[in-house]
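Please go over the structures that come below.
After this come two complexes, each holding chain A, first together with chain B and then together with chain C.
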Partner chain A sequence: MPMKGRFPIRRTLEYLQKGDLIFKNRVKIMTVNYNTSGELSEGARKFVFFNIPQIQYKNPWVQVVMFKNMTPSSFLKFYLDDGEQVLVDVEGKDHQLITQHVKKILCKSEEVLHVEALAKMQESNPANFGPKKYCLKECICEVEGQVPCPGTTPLPKEFTGKYRTQMAAAQE
Partner chain B sequence: MSAKQASVHAKWIIGRVIGTKMLKTAKVRVTRLVLDPYLLKYYNKRKTYFAHDAIQQCTMGDVVLLKALPEPRSKHVKHELVEIVYKVGRVVDPFTGLKVEGTQFLEPFADLADDLDKKMSLSDQIPEVDSSASSSTASSLEPRTP
Partner chain C sequence: MFKVIGGRALPAARLLAPRCGVWVESVRGRKSRNDPPAKSKEGRIKLPPPVDPVEMVVMKERFTEYNLIMRALRLEFKEEVLRKKYEEETGSLAEERARQDAEEHKILMEWNGAENHRMLKIRQLRVQKETEEADQRKLEVILKRDHERQAFIQQKEQEILQLQEDAKNFITLENLDQRIEEALDRPRNYNYAVDREGRVVKRTVLD
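Up next, the complex of A and B:
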């Protein structure tokens, strides 16, 4: 059974995860003003159709608002954290040009993304044990191949502390 | 905690005014895109916020920018109005500064009207450029002072 709608590939997780526009932390709101008809708005319409789902998926905390047929010109407006506003003219541009431009001005660069990915990997270091929020496992007994938790199965006599102290005391 | 934390998660939001009947308060509807988990399509989800508007300058249908207050002003009001982004009926094109309505300009382009009147006088003002090879050595155009 094929997928429904035009370009249903937009509605796949793989497509959404492929989005590469990850905004800097300062960007809070993104506003797109475009027109539903006219050659000049064609790029903006394609941008909204193809790229907005990817952007929203990668930036869940940015509010994305669309305004249709408010002004004859089409533009993007970004509202940053310190009250700064960035206006991007989009009239007559192709949607790929628009994404490249936005990536250059307001998105995290490749290096920053690499550093963040590394930091995330360090957080999930399998050598660390602790609360579930911070580490993968809480105790070494959860790892396969290690001594199981004495809470579930009693340890053999030789592994218990009291037996070892008895033996040590008997030897002296 | 050295920096003051705002009372809500959303620091800056944009929405449309849907009610102004409250004193110095605007009821604002904010839409966010939410992914439907099965269809994997984004739909607008509405939420209403109350914003403090000291001079009561908002009318129904304005698009406004709100900022979170450091402390909630009352039980429901946790934001204040920063600016009216698009005033209803008086939307201004950001590039030309002219009033627009939908896809039409309401005001004519100012520079176009003036241009047709001034066309005669401009050509007198610009000095004649003598670009022939004989006279190009020493003389040069006087630089126009801005």
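Up next, the complex of A and C:
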């Protein structure tokens, strides 16, 4: 029941997360034109079969469109946000070669990814308390093992400032 | 006035200590606008809480100062965040980064163009080779067909010549009598047996 289709490994999270084609922010649309038969289109077919799921998983906001048997040769076309179109000819190329080519011209480099990962880690610093939009928790009462929020359960009398000032006044 | 609840969690302000083991809740504002006030509240004059003028002045001063400082701090932090964001997006460093990105993009696009050019050359060569091969094959087919037609014609010519040769031995009305005389003079015996190799095995005598 969990195994559906040929190569069901393509549907596993582990496989999808292994994808290393993360496009730059300016890439908005990716179009793949390929043919369903023919030796020259074999690389493109394999690319579509194996790598497109990984690409879409890693770039959920990029529109990926596939066209079959529309042109005699197979190619990739990328549409950037400033209207520029990038054409990549993939006739006769192997799918790994295609991946490397695309990674070189239009993907974020390792350093950029590293910097972004650091920034994301800083954002999710558990030591910061604030609005949900920017921090993980709003108040220390939300953390397990800490004093619960006095809004839900009343604090013991000894912890209230009112009682303490009363006791201090009484002692004096 | 008191409503019994079924064990759901509620804010502390609404819960009373359960002495009798039943959770009850007090709801504010049970009476509506037109209901008369209670008998126990007859003659009640509601006065605001007493205010000590000296304390009030001191408190007001302290509070204005406190509010001023807090507001200033808050605005200070907000401004810092906005400035950081502005620097990030449109500062000098950001421009530098954008310029570098544009340059790198240009270089990569040129490289991509060169790759496409190379693929184009390869494709042109391949297409040219394919057309040449197709022409070659067509030519071969034509030649073969010619050859076959020539052979056919020759074969037919041979047959015609053979037929012409045979026609010399045909029996016509002119040499009919002569051929009859010849046949009668030379009787042929067809009564013979043949083995598997086609050699004649035995003959019977013609009577």
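Everything below uses one rule, namely that the second predicted complex is superposed on the first by the 164 of 172 C-alpha atoms of A that agree within 3 Å, B and C clash if a C-alpha of one lies under 4 Å from a C-alpha of the other, contacts with A are read in each partner's own complex, and residues count from 1 in each chain.
By definition in this document, a contact is a pair of C-beta atoms (placed from the backbone, for glycine too) under 8 Å apart; a residue touches a chain by one contact, two chains touch by 3 or more.
This is a predicted model, so every value here is computed, not measured.
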>> Tell me which partner touches more residues of chain A in the superposed arrangement, chain B or chain C.
In response: B
>> Per the contact definition in the header, classify A:125: touching chain B only (first), chain C only (second), both, or neither.
In response: neither
> Between chain B (first) and chain C (second), which, if any, makes contact with A:17: first, second, both or neither?
Replying inline: neither
> Of the partners chain B and chain C, which touch A:87 in the superposed model: first, second, both, neither?
Replying inline: both
>> With both complexes overlaid on chain A, does A:165 touch chain B (first), chain C (second), both or neither?
In response: neither
> Touch check for A:73: first (chain B), second (chain C), both, or neither?
Replying inline: both
> Given the touch rule stated above, what does A:96 touch, chain B (first), chain C (second), both, or neither?
Replying inline: neither
> Does chain B (first) or chain C (second) touch A:31, or do both, or does neither?
Replying inline: first
> Counting only touches as set out at the top, which of chain B and chain C does A:57 meet: first, second, both, neither?
Replying inline: first
> Once the shared chain is lined up, is A:153 touching chain B (first), chain C (second), both, or neither of them?
Replying inline: second
> Common interface residues of chain A with chain B and chain C?
Replying inline: 73, 87, 89
>> Quick check: in the complex, which residue numbers of chain C touch chain A?
In response: 9, 11-12, 108-109, 111-112, 115-116, 119-120, 122-123
> What does chain B use to touch chain A in their complex?
Replying inline: 10-14, 30-33, 35, 39-42, 63, 65, 82, 85-86, 91, 93-96, 100, 102-105
>> Give the list of chain A residues in touch with chain B in this complex.
In response: 11-13, 16, 28-29, 31, 35, 37-38, 52-53, 56-57, 63-65, 67, 69-73, 75, 77, 79, 81, 83, 87, 89
> In the complex formed with chain C, which residues of chain A make contact?
Replying inline: 73, 86-89, 91-92, 101, 104-106, 150-154
